[in-house]
Every structure is written in C-alpha cells, then in structure tokens.
C-alpha cells in the first residue's frame, strides 16, 4: 500500500502524459492531469507555509537559539497572509486582483518583500568581487582559459573594451574586444553549453523513464512497506 | 541587552524615525506620511541585510526572518487567488463561485476535480507524524506528471533539436579556393570567421560530449578529444563567470540606486 | 580660452572623480598586498560599495550599440503588423528585477507604440507584483488611451510552471478562464481570435530562473512552432545561446542587453527620445565595477605568480 499505490500512480500519470503527445484524442486528458498538477502545486505552497509555522512554533516553545526572531517570521507570515486572503485595502471588490495598486498586500510586497529579496542577492556582488581578488588564480592551463574568457566578457561589455581596441582595422575586426566577446558567447560558449544541454537532456529522459517504470524509487523514501 | 547595543538601537531608531518624519513632510501625494514610512521601511530593511557584510547581527537576523515569513505567505496568497479561486472553485461549485465572483464553468467531468483536492489534502498529511506516508500519493502524482511531461520535451528540444542545430555547413559562401584566399580577412562578419565559428561549434559540441562520456577510458585520440572538450567547457564556464559577475553587480547597482534615489533623494 | 573648460560636463567630472577614487583604492590595495599585509574583507566590501555608489550619484552612463542577438528581437517586433498579438510573460522575482524590469518596460513600450496587442501573464508569483510596476510606469502612464481587454490584458499568475505551459499551448481558456480581475475569457476582445498560444505572433519570456524561457521553449515554442524570444538575467544568458537562433529568435542578456535594446529603441524613432532608460543609466556603475573586478583579478594573480616564483606556493 505504501509503495505500490504511488508506483501505480506515477506509471499511469506518466504514461498518459506521454501518450497524449502522440494520440490527439488523449490531449484533453493530458491537459486535465496537468491542471490537477497545477492545483496540487498550490497545496505544496500551503504545505510550505504550514511547515514554516510548525517549525517556528516549535522553536518558540523549546526556547531554541534566536527563538525571538521566530516571532518576527510568524508576525510577517500572518500579516501578509491576512493582507492577501482578505484583500485588505484593496481598491476593488473581491473579484479584483490581489496585487492591485493601493492594497496592503502590494504595499508590503513593495516595501518589505522587494528590498529584502533583492538586497539578499545584491550581497553576492560583494562576495563575487572579493573572491575575484582572493581566489581567482591562473593556476594551470584550464584555469587560465577560464580567466581569459571571463576577462574578455567583462571587458567586452564596457566602453573601455571598445576604446582599447578601436585602432584595430575593420578587416581584423574579430580582434576588437566587443566583437571577440560576442564571438566567444555565440561560438565556444554555445558549443560548451550545448554539450551540457545534450548531456542533461539525455539524463532527464532516462530518469523520467526510470521513474515511470518504477525502477527509480528513491522519492518514496527508504522505510519498509 | 548590553549598553552598547542599546545605544546602537536608539541611534538607528532615531535616524529612521527622523527619515520618516522628513520624508513625510516633503513627500507629495495623498498620504505623504504613509509613503514616507514605506520608503523608510524599505531603506531600513535594505541596510539591515547589507549589515551582514560587517558581521552577523540582530538587524540582519530580523530582516532575514521577516523575509522568510513574508515570502511564504506571498506565494500562498497568489496560489490561492490565482489557481484555487481561478481554476478549481469555478469547476466545483456555483455557489462558492458566486461568492468569489468568478464564472462557474459547466463541464461533464467537473467531478474529477475533487482528485486534486484529495491529493492536496493528502500532501498536507506530511505535517502529521503518523499519516505522513499518505503524502507519497500526491508526490507520486507530481513525479509522474513531471516525468511524463519532461520525457518527450527534453528528447525533442534538448536532444534532437540541439543535434539538428549542430549539423551546420562548415563551408559558407564557398566559391572555390581562389575566391576564398583572395577575399580572406579577419572581419567579425567575414567568411573566414563564420566558417571558423561553425567549426568550433561542431567540434566543440562533439568534444564536449566525449568529455562527458565515461564508459570508455579517456586515452589516445579519445583522450585528446576529451581534452579539447575540457578547454571548450572552461571557456564556457569563464563566459558564465563573466556574466555572473555582471548580473550580481547589476543587483547591487539596483539597490544603491534605490537608496540614493528613492530614499535619500540625492539623485533625481 | 575658457571654452574647452566650459564644455566639461558633470558626467566628465563624475567619471574623473570615480576613476581617481578607484585607482587610488586599487593602488592602496596593491601596495598592501605586495607588502605582505592582510587586507580586511570589510575594507574590500566598502571599496566595492563606493566604486558602485559614486557613478550612481554622478549618473554616469554610456551608450551601447545593439549586438545581433538583441537586434534580432527588435527587428522581429518591428516586422509585426499592427494588431498582432504578443505574449509577455513575467517569470522573475524582485532579485532579478534590476536587470530584467527595464527590458520588460522597454518591450511593452515598443509593442504598445506600434499598436501591437499584449497578453501579460506570469509563471512566478512575484511576477504579478512586478507586472503592476509596468502597468503604473508604462502602460497606464505613457499609453492612457490603450484599453484593458482590447489593447492589452493581464492574466496574472498561475501555479504549476510547466503544467501551465502544457495547457496553454493547446487551450488558453482552460488555464485562464478569467483575467486577473475575474473578467471571463469570452468577454475579453483581445482573445476573439486566440484559442491557444499557437495563435500568438510572438512570445517573450522575461525571467532568469525556473520556470522560464527554457520551459517556454520546451513546452510551447518547439511543440507549437511559435516564435519565441527572451529577456533574461545575466546569470542564465550564456545557457540559452544553444537555442539561438533556431528555437529563440532573439535574446536580451542582463542589464547590458536591456541597455542595448533601450538605445536601439531610442535611436530608432524621435518619439522615444525622452523615454526613461534605467538600464543605460545602470551601465555606468556597471562599467566601473567591472574595472574593479578585473583589477582585483590582475592584482591577485600578480601576487600569486610572485609568491610561486619565490617558492611560497608550490
């Protein structure tokens, strides 16, 4: 029961979706299955939220390290949830967009979510730059190739790249740094990325087949059924 | 709380309070103090996250924890209004559809839309220690859907079409050797460069794939091709690194622009 | 005598001051490093902050010529007849917004000015929040005469990523029975002749994560043989080159791609002369930050080779 039913579900759903590509009358069934998938995806959001609340309540009740900050998480969570579910301050009625301008939900999004999310990623600029100084070394031939390619791309995307090689005549224009950067992206980079894509593509196809046929079962966990 | 921490807290609180008041006084709009508060709050949170660069501190932790809570609720609300209210309810109940002011969708097979509800509830069982195993059923549905969808699409777009795009002419605008040598130049859009680019693409893809092929030992000509594959991949990673640096700096420019433009209003 | 001095602009002063600051900082860093003294990482962070902040304050910006991959998208939109329908999907979050929001705004501006109809949707929940920004700054602000439902429509977000795409490639209404404001599909004039993505003239995905342009190509572009283009964050741009030009006809990569598109648009028609160009403005600080990063690499490597020569590193 614990293993057989999930294996049957995976097999049936996977097979129907593959067949729906080849057999047009099955297209509608395939669409409905994907629609079910989309609805279940929302329940996954609910699961995420529920888990977050559980973990932080546990932290608070056990007085774990930094438990005070769990209050911040929960207050943020419930305020945002209430603002969104009840459409607080929404200029329209219940049918209008939840993200309408003027709503509390959109105000929190702009003033809390946006600065937090974008600054979190902006921090990486400092770490990348610092790593360039401390760790990016031409230790061998391969590392040198990587470094030179990165250098051409960085230089090619600035006016300094244009300035440095503007003296190169048109008949040798591939050696002008911006042109070299474009060539690097659309030729060796394209080739390398394509080799990776083909490799991953084959991997996805084979793992999909193994999942549908029930040969790959790690997603079911490891307890005995 | 230590005395120093108290002083730091008081200073920060006063500075941002001042910012709120000043922005409220000079803001134009229907609710200047509310706008002032929102911009000041965004600036505080931006600087709170940036303070991590100095060292881990309570302001950063506050911002980090707030982010987790707000982002989880954001996704839940959007999912509820867009997909549950938008796609599920109109197929299940006309009364509830009327409440949410969405049109009921007539259909012979609407009853089957209880399946995602059942699976959704089973997924939530994961929160229960005893009935957690039931969440495997919806998980199996998700895995089956993903596998079924990906199987054909990856095979077509990332395998067949990619190979198709690699089978490209190695001679471009070819009118014989005489014409080739008499017009030879290194222009970025010239014949020689175009032909060389196609050669690099073809050889690069083949050698790159050879490098990823582990069922044969990388020796002899196979090893040499694999070596070329590594070089191509290194250039690829270099290009990716260059673009990553570019991208991360853009995000920093975005935040600094916010601080100087929207908050401090130093620039227009 | 004074005329050459009079020609000096604030931007020139800004570039000079910023470059002098950066050069002095780098010289100090090099001196510290070569004399074997440790440099605190926080000093490096502070240096990076000011290297980016100074050109932001002085509003240094540079013009860029559109590269072929960017130009291809511009030419495609130019070649579309009036009343064509383009779908723009907001598949990004605020973390990518500084790079891709300018693209989304410029593309909306370009399409609306050419009387091309736009269907907006999102595969990221945050896309819907970002979409509001385009509506307030471009659609409602610059094109007040354009009508919701006739010239553009906002379908909003749907959960499921690939699942959403797999449905809309054959049936739009099944996935989007209403728009974001609960207006039924059948009452939206823009959809009079549109049943699925196959009836669209162009699809542009603006994003940088998953689901994004790759999923659009796999689930919609290739199966439906629909013209696709993308504007993406720099981090993923190199990964999309294998799809160009057979599977995606044009690609704007990072803030540079956005700046190239803005410049191409501004140079094409005088009516765009005064349009906001946030990406072009960002290219000034971006350029100087690139110089800092490249200098870091050079200093670090000189140090490395010197130490290796001395035998300190094997």
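Note that the chains are named A, B and C in the order they appear, and that numbering of residues resets to 1 at the start of each chain.
Here is the rule we go by: contacts are C-beta pairs under 8 Å (C-beta built on N, C-alpha and C of every residue); 3 or more make two chains touch, one makes a residue touch a chain.
Values in this document were obtained by computation on a predicted structure and should not be read as measured data.
**Q** B-C versus A-B: which interface comes out with more C-beta contact pairs?
**A** A-B
**Q** Which chain is most remote from chain C in terms of Cα centres?
**A** Chain centre farthest from chain C's centre: A.
**Q** Taking the mean of each chain's Cα atoms, which chain ends up nearest the overall Cα mean?
**A** If we average C-alpha coordinates per chain, B lands closest to the whole-structure average.
**Q** Taking the mean of the C-alpha atoms as each chain's centre, how many Å separate chain A from chain C?
**A** Each chain's C-alpha centroid was found; their separation is 17 Å.
**Q** Cα centroid separation between chain B and chain C, in whole Å?
**A** Once rounded, the distance between the two centres reads 13 Å.
**Q** Chain A to chain B: how many Å between their CA centres?
**A** Result: the chain centres lie 4 Å from each other.
**Q** Could you say which residues in chain C touch two or more other chains, in rising order?
**A** 45, 48-49, 52, 95-98, 126, 128-129, 156, 158-160, 162-163, 166, 175, 182, 223, 238-239, 242, 256, 286, 289-290, 293, in rising order.
**Q** For chain A, give me the residues that contact two or more of the other chains.
**A** Within chain A, residues 21, 34-35, 37-39, 41-42, 45, 95, 98-99, 109-110, 113-114, 117-118, 120-121, 125-126, 128-129, 132, 147, 150-151, 154, 157, 182, 185-186, 189-190, 193-194, 196-197 contact more than one other chain.
**Q** Can you tell me which residues of chain B touch two or more of the remaining chains?
**A** Expected reply: 53, 74-75, 78-79, 83, 87, 100-102, 145-146, 149-150, 154, 157-158, 162, 165, 236, 239-240, 243-246, 248-249, 251-252, 254-255.
**Q** Which of the residues in chain C end up touching chain A in this complex?
**A** 29, 41, 44-45, 48-49, 52, 62, 67-69, 93-98, 126, 128-129, 131-132, 135-136, 154, 156, 158-164, 166-167, 170-171, 174-175, 180-182, 223, 238-239, 241-242, 244, 256, 286-287, 289-294, 296-297, 299-301, 304
**Q** Quick check on the complex: what are the chain A residues that touch chain C?
**A** So the residues of chain A touching chain C come out as 21, 27, 30-31, 34-35, 37-39, 41-42, 45, 92, 95-101, 106, 109-110, 113-114, 117-118, 120-121, 125-126, 128-130, 132-139, 147, 150-151, 154-155, 157-160, 182, 185-186, 189-190, 193-194, 196-197.
**Q** Considering the complex alone, what residue numbers of chain B touch chain C?
**A** The contact residues of chain B facing chain C are 53-54, 74-75, 78-79, 82-83, 86-87, 90, 100-103, 105, 145-146, 149-150, 153-154, 156-158, 161-162, 164-165, 236, 239-240, 243-257, 260, 266-267.
**Q** Tell me, which parts of chain B touch chain A in their complex?
**A** Going through chain B, the ones touching chain A are 38-39, 41-43, 45-46, 49-50, 52-53, 61-81, 83-84, 87-88, 99-102, 109, 112-113, 115-117, 119-121, 123-124, 126-127, 133, 136-152, 154-155, 157-159, 162-163, 165-166, 185-190, 193, 197, 200-205, 207-209, 211-212, 229-246, 248-249, 251-252, 254-255, 258.
**Q** Considering the complex alone, what residue numbers of chain C touch chain B?
**A** Listed in rising order, the residues are 42, 45, 48-49, 52-53, 56-57, 59, 95-99, 125-126, 128-129, 156-160, 162-163, 166, 175-178, 182, 184, 217-219, 222-223, 233-235, 237-239, 242, 246-247, 253-256, 281-282, 285-286, 289-290, 293.
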